[in-house]
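Take a look at these structures.
There are two complexes below, and they share subunit A, which is joined by subunit B in the first and by subunit C in the second.
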Partner chain A sequence: MSASLASPRFHRLVLPGALLALVLLTVAAAPLLPLADPVKQQVSERLSTPSLGHLLGQDEYGRDVFSRIIWGGRVSLSVSILAAACAGLIGTLLGLVGGYFRGVVELMSVRLAEVVLCFPPMLLALLVVTLLGPGAVTLVLVLTILFTPGYARVAYAETLSARTLDYVTAQTALGATSARVLFRTVLPNIAPPLLVQFSLTVAAAMMLESGLSFLGLGVVPPSPSWGLMIRSARSVMEQAPLLLLWPCLALAGTVLLLNVVCDRLRDVMDPRGAAMGVIPGFLRRARSAALPQATTEPAPSLVRIDNLTLSLKTPAGPLNVVRGVSFGVAPGETVALVGESGSGKTLTALAVMGLLPPVVTPAGGSIRFSRRDGTVADLLHLPEGQMRRLRGNDLSIIFQDPSASLNPVHRCGKQVAEAIRAHGGGMTGEGSARAAKAKVVALFRRVGLPDPERRAGAFPHELSGGQKQRVMIAAAVANTPRLLIADEPTTALDVTVQAQILDLLADLKGESGSGRGQEGKDTEGKDTTGMGLLFVTHNLAVVRQIADKVVVMYAGEVVEEGPVAEVFARPRHPYTAALLASAPESEAEELTAIPGTVPSPAALPPGCRFAPRCGFATPACDSTPPASIEVAPGRIARCIRWMEVA
Partner chain B sequence: MTAHIIPPLNPPLPFPDRAPLLRAEGLTRGFKGRGGLLGRGHEVLALRGVDFALARGEAVGVVGESGCGKSTLARVLLHLTPASAGRVLFDGQDLARLPRRQLRALRRRMQLVFQDPFASLDPRRSIGDQIADGILIHHLAAPAEAQARVADLLAQVGLDPAHAGRLPHEFSGGQRQRIAIARALSTDPDVLVADEPVSALDVSVQAQVVNLLKDLRTRLGLGLIFISHDLHVVRHLCDRVVVMYLGRVVEEAPAAALFAQPRHPYTQALLAATPSMHAAPGARAVLSGEMPSPANPPSGCAFRTRCARAQPACAEALPELLPAGPGRRLACPPALADLAHGAAHA
Partner chain C sequence: MLAFALRRTGIALVLVWLVATLVFLVIHLIPGDPAELLLSQGGVAPDPAAVAELRERLGLDLPLIQQYFTYWVGLLHGNFGTSLQDDHPVAAEIALRLPRTLELIGGAAVLALAIGMPFGTAAALRVGGRLDRVASVIAGVALSVPVFVVGTLAILIFAQKLGWVSAGGYVPLAQNPGRHLALLLMPAGTIAVGLAAVVFRVTRSSVLEVLGRDHVRAAQARGVGPRLIILRHVLRNALSPVLTVVALHLGALLGGTVLVEYVFNWPGLSGYLVRSVEARDYPEVLGIVLAISILFVFLNLVVDLAYAALDPRVRHA
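Right, the complex of A and B next:
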């Protein structure tokens, strides 16, 4: 509503809006326009083809079709719009009140309106017409009755979900009356689906009006309506097929126009704007494969990300949300990728998995990964088919919310077995199901699920959050991956459970280093066989507990990298130092807060991205972005004053 | 059904000279559980006989893991969710018995800040309008003067008053939480209930909001009920801490004393499990298992299924919340026995 009139969203509304306005104006101005009399018969000229005097020809009584379309539209449109508006008003009110107060009020409003749905619409229409006689007013009444329950149901469902939202509760907490809450807060927020419902209702009402008029229950001849015109054209369809075309065209065109206008209007009303169009995944993969291949560099021991740049598609053009990120994970190493929301840490992790959201595309760099068979692949440019073979096999991932990552309608054991069988897992053909089942139970035991046989047969909702995360971990480690990515795996869990999961991950990593001698190809030293773990988190205390190396990201760039103990003891970037100081663990009276907020990727500071919030900033920091500096072996900082920090 | 679990009513107050402003007695709140196809779902108790008191200007932290009933407690205390049993007295008035109109008027004095700043602001109204709501509802200023008051509130929470006309989506999470706090302050409340106000925020802005709350408390003499699962933040902000487990209070103590010397095994486990940036990684006392379902709580002490000190007696009687030192109460018979034993020796 408050969207600026100059916004591109508003522009999208202009054309269909103007067309609809033209249609409405034309039919409204019918008496003023120099049109032929729509009911004047000229039997001698019946069924004549279009001519200058009669643009769309004449009908079976010689009446002017063009004039009848416009006069007929007057009836059709006014009846359907009036009926849709009445139904909308009554239905919304019923749904709003019923959904907000529930209980008896719901019974008296929504449920009562739903009784109408029990009658066949035609029967109901016949009943009303028999009682009141045909005519435009009766039609409006019939259509209102028919469409009210639909509205009531939509408004009811929307209100039901809106009434528990925090901002509605906040209004109650402020002491607002129910009427104020309903009309100031709930109604504007449930309006978009109602608007769509309106366009559907007008269209349906027009159809039904035509149908009823066609049956002789609506508008009485000779006054024109689109439905009547279709009806009469049908009888002479063989002599003059065009007669059928015109009213049908008018009807379909108006309905279509109305739908477009309502859809666009909904977009304009959404404060955040409409979604962008995207390219399907398999096409994207194919396209990025055309990017130049990386040069020959020494093979990484496990994975090496170089100069990774990811770009986000926005209405204002591409935006680089991750820029020049480089770091590696060695076998058996745990690397923590730390950053706040919007720092690009999750996108970086998803890029390794080849699971970037559709609006984000790689714009440069490489992710070189050494596969189980010893070959090196650039994950950024690997075709989707090969990538799929790696996922869940060499590479696997655990997500933040275990409830959202397990399929609620399949048993947990089956979902993990799926992961094993998708990659052969040495069991195809006879007895594979039983072998998979046994392997699942063994895995469940390994991730510490109590009573693994029973858990394998359980549905996700029967497990607690921590147990679900254990199932996810079991699926992720099922094929002994070389690299496990954990994207905030404990953020959704309680602290006591978080401690358990962190211990489990540490255990699994320990096991993978020693117990994988049978792998054969890469057993030169024990370090090369261990599972690498890339742990994405925003929690520094967790990093301290689990990681060997930490990579700190800020606004899409790596600002510091180094061994955990060293970075925590002596941070070399002011952001890292400030993060450590702002944690509420310190005994200080006042917490050291970092002033300001993380910059949006659309409005990055020209120099160092952290300079506006930095206590060490000098004028030099604002001019050019600082380069990464190797401040000590294995330690990198992106700050020109690194020597003075901490 | 709850008569037997209501302990005597004299919650200790760290400010004995001040009468409690908000007081709750034997709060119980049940939710309808989901039944099978035919059977009726039985009631799940989110709160099971909680006593609570807040003095004027006091800051009380309520901590516990998800499912312990702390958010339900926040809503029941504000009478946004009515209690199934027990009562809430605000300044001596029973909220459940107040007529609608008077309850609405009383809401001016107690406000709520939500966890998720992305859900707690109406996406379609300017932040200025939303902050002005409280002022206009309670006629605290003429509509013409409300704008000036909004500007003042925005300045108080550290935002630019010129941004009053913007929509919520134009602000970051931390800024939105400040807006939500400004909205809560608009009615000039005596008590602010903050339900996990910083857990959805970025680490670098969490400290900003914690400092803001702390500052507002001292400046406005605001009573604060701070609900959180983050013990570090609670320690920083609160005078007194209440630890909850499965709908009941298990320990209650002045903040400093609780962190220095946690007495309930659950409080001890909670403190041990919280990862620390200063401690080197190593062996921590990790609590096994998870909180039992509130639909089917263990008999006796609810924590006994995960407790290292559990004894057969723990399964039989519901532990009472009993005095355990100055301003402290504890619901753990073995720990209380230790305490008595220690005192006898001293």
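Right, the complex of A and C next:
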């Protein structure tokens, strides 16, 4: 079991669990309790109102209602529990054996049990009652038949997954007998879901049992049962409505208790199922509670991230996973954002797009972006409505996994057209649909998709991974963005396709800056109108190939920044140096792995975050986090010993 | 798509054969002499002459393979057997009553979808919010109250205490459409209570699941507005599981309307079934079970085909 007894999930189980135990104890102890005889009739006292002797009054034959409720519960619950247990025993066995041996055994066990599911349950119950006549024994039999396949399925599925667990495989390899592996190793492993299934089955069995009894085809009178009590109370409903209410309450209340216990039990055993309680970003009106800070900084040429801090909501409180990140992207420039998994590089990119996952919120800093119309906006504090007008327009992103990023149920062309139509201004109606479609085909041609007309009508699953990424790129560049973010766009693709996609990105960037003549260059000959590209990656070979500038992140902070050629030749931070030495693409003669692992954001080293893994670390490195130092024009390093590195 | 439809239909036909054969075998599978079993009441041994007569009437004295052959010839001619009590053909009674049951189920499904889907979606979009918490509790309670309790209490409140509607009954649509629909409302509404709770839960979890998918974020990154994202990229994708679960429940309802029809005196198929079970009219019960099971199989076929229409990936699987 994954949750401890002290967890809040477990506390939520206590109250309904205790109530259920009380109900079970009461009906179990019915013969010991000072109750009136539930079948003794007193016709002279029929339908009398509650009194001291008869707490809930008497029914149409003058029998004590309170006593009948308890004795009725005893019948209902014992039939249901017995049936759930029998079905559990048989079903689990079938599922275990079927899932463990597979093949013919599976056919004869699990699949055979599933034949029952071909029939509507109530129908099958009535069929059996016809053949065997009503009564408690028939009921147990019927319910057992009906609920066996449920257990068989759960046990089967769990056995299948348990079978592949390492220690189960190990036991088999060590020569343990099948029976031993099944009952000693697999069964304890699949017990929790079976326990949930049991409480679920008891509740379902009670519903069915009471239903059959209500029809007069279940428990045989004079034995009391809740279903039977409701049946007989119906005939005197006008004179004594309360008579109807008590068994209804008892039945519904018990089933409710069982269901609640079952839900909570599931939460205790499988914490993944619990809801997180967060609202998706696109539905939030304001994206951040913090107010934009007035700034005197000069307007950025394209985008400037300053002191960005992102905070992750955790059960233990907020955790800053990205701290004080600053860097910029100029028009026509390609900036590579490099780091290991968990370094915060993707979160930083998503923050620019305003697409942070709901559990991550900006805690400080600004992202100032110069829009197409010349105005500057702080993307971190822009209202969602304005942000939406920028996304897919001034600002675009390509994600890592093109297969997941395309909606499988819509045609590719339609999804790209969405980007065009979302920012189409006055484009509405029939004409615009045709115009958008023509534009999609042109875009598909531009991103190198063969037979673009046909590809536009294709569903995502009909395309290869590389083609899907081309579709995503087409959507991203549909409105000629000023800044394109590529978040590991080639990681999910085959190596051969990776190079093609990189070439395509380089081409698109080249096109955006060219053909604009002299006015596209400022006095120093720099491109001022071309598309900026922020390329997030962990692949240093790619960085060298496409980027102008590189920003290295480690444990949520920027540790080094500078022109690619300079940083690769003379890294000024030990981490960058180690990264270069460990990359298989590097020209180092020997590959050296970086010792240790990236620290968790919950347990950061007090001083330099890299100090514990650093070959240059001195005692001073462990005392306070080092500040960013401008080591040369345009070069920044966060290391007190930068002069000694490489 | 055509190949997919043909394959699914083929599987459905095999299932129909399986179900029909099982129903045929049921009487032979139980231990002891079926005729004796059907005639025995309260442990008293039945009259041997009556047993012999019943055996002959049911054709139980013939070889099994011949019985099976006769059974199939009958089925293919639409012969679902005749009543033991009055020799009335079962197929005729089914043809009369099945539409009424289907109407009940259809009405319940429409109500349940109309209530469950909007609330499920709203709850998922504001998960953990007030609406979500209140609706989830209500759904939990609705799922715990047996349908005959809901029906009985509805009669007690709306018919007896408030006098808004009559307690039950049936008037043919052609005779009085208004009254017909008024009488339909209570039983359909009763079934809809539990069904709406199921629809709510499935919609909620399905929408929540889709909301977390990458393609929703990608649509957002293209600048698509919230309304279009919800309709086109969330609800459209969340629909398939909802459809499946509802269809499965509707299938279960084909036999499960028994209780509601009984409570509200609705002269559908199930009432006929209960009467047959009470009389232990074995051929009648088998005929009804067979008819409903075949319907159940075909309902699942329709769902499979609808699923393929909704999700293009399924067609090629």
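We take it that the second predicted complex is superposed on the first by the 483 of 646 C-alpha atoms of A that agree within 3 Å, B and C clash if a C-alpha of one lies under 4 Å from a C-alpha of the other, contacts with A are read in each partner's own complex, and residues count from 1 in each chain.
We adopt the following convention: a contact is a pair of C-beta atoms (placed from the backbone, for glycine too) under 8 Å apart; a residue touches a chain by one contact, two chains touch by 3 or more.
Bear in mind the structure is a predicted one, so any value in this text is a computation, not a measurement.
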item: Partner chain(s) touched by A:Met472 [first = subunit B, second = subunit C, both, neither]; value: second
item: First, second, both or neither for A:Thr164, with subunit B first and subunit C second; value: neither
item: First, second, both or neither for A:Thr375, with subunit B first and subunit C second; value: neither
item: Partner chain(s) touched by A:Leu355 [first = subunit B, second = subunit C, both, neither]; value: second
item: Which of subunit B and subunit C A:Ala252 touches, first, second, both or neither; value: second
item: Touched partner set for A:Thr496, first subunit B, second subunit C, both or neither; value: first
item: For the subunit B and subunit A complex, residues of the former touching the latter; value: 65-66, 78, 80, 104-108, 110-112, 114, 116, 119-126, 133-134, 137-138, 167-169, 172-175, 180, 183, 186-187, 202-208, 210-211, 214, 229-230, 232-233, 235-236, 269-270, 273-281, 284, 286-288, 290-291, 293
item: Residues of subunit C touching subunit A in the complex; value: 15, 18-19, 22, 26-27, 30, 34, 37-38, 40-41, 125-129, 140-141, 143-149, 152-153, 155-156, 160-161, 208, 211, 213-226, 228-229, 232-233, 236-237, 251-256, 258-259, 262, 273-274, 276-278, 280, 282, 285-286, 288-289, 292-293, 296-297, 310-313, 316
item: Complex interface listing, subunit A residues touching subunit C; value: 115, 118-124, 126-127, 129-133, 203, 207, 210-211, 214-217, 227, 230, 234, 237-238, 241, 244, 248, 251-252, 255-256, 258-260, 263, 275-283, 353, 355, 388-393, 396-397, 399, 401, 404-410, 415, 418-419, 422-423, 459, 461, 472, 475-476, 478
item: Parts of subunit A lying in touch with subunit B, wherever the complex brings them together; value: 1-2, 165-167, 169-177, 180, 184-185, 188-189, 269, 271-272, 340-341, 464-467, 494-500, 502-503, 538-542, 544-546, 565, 568, 578-580, 582-585, 590-595, 597-598, 613
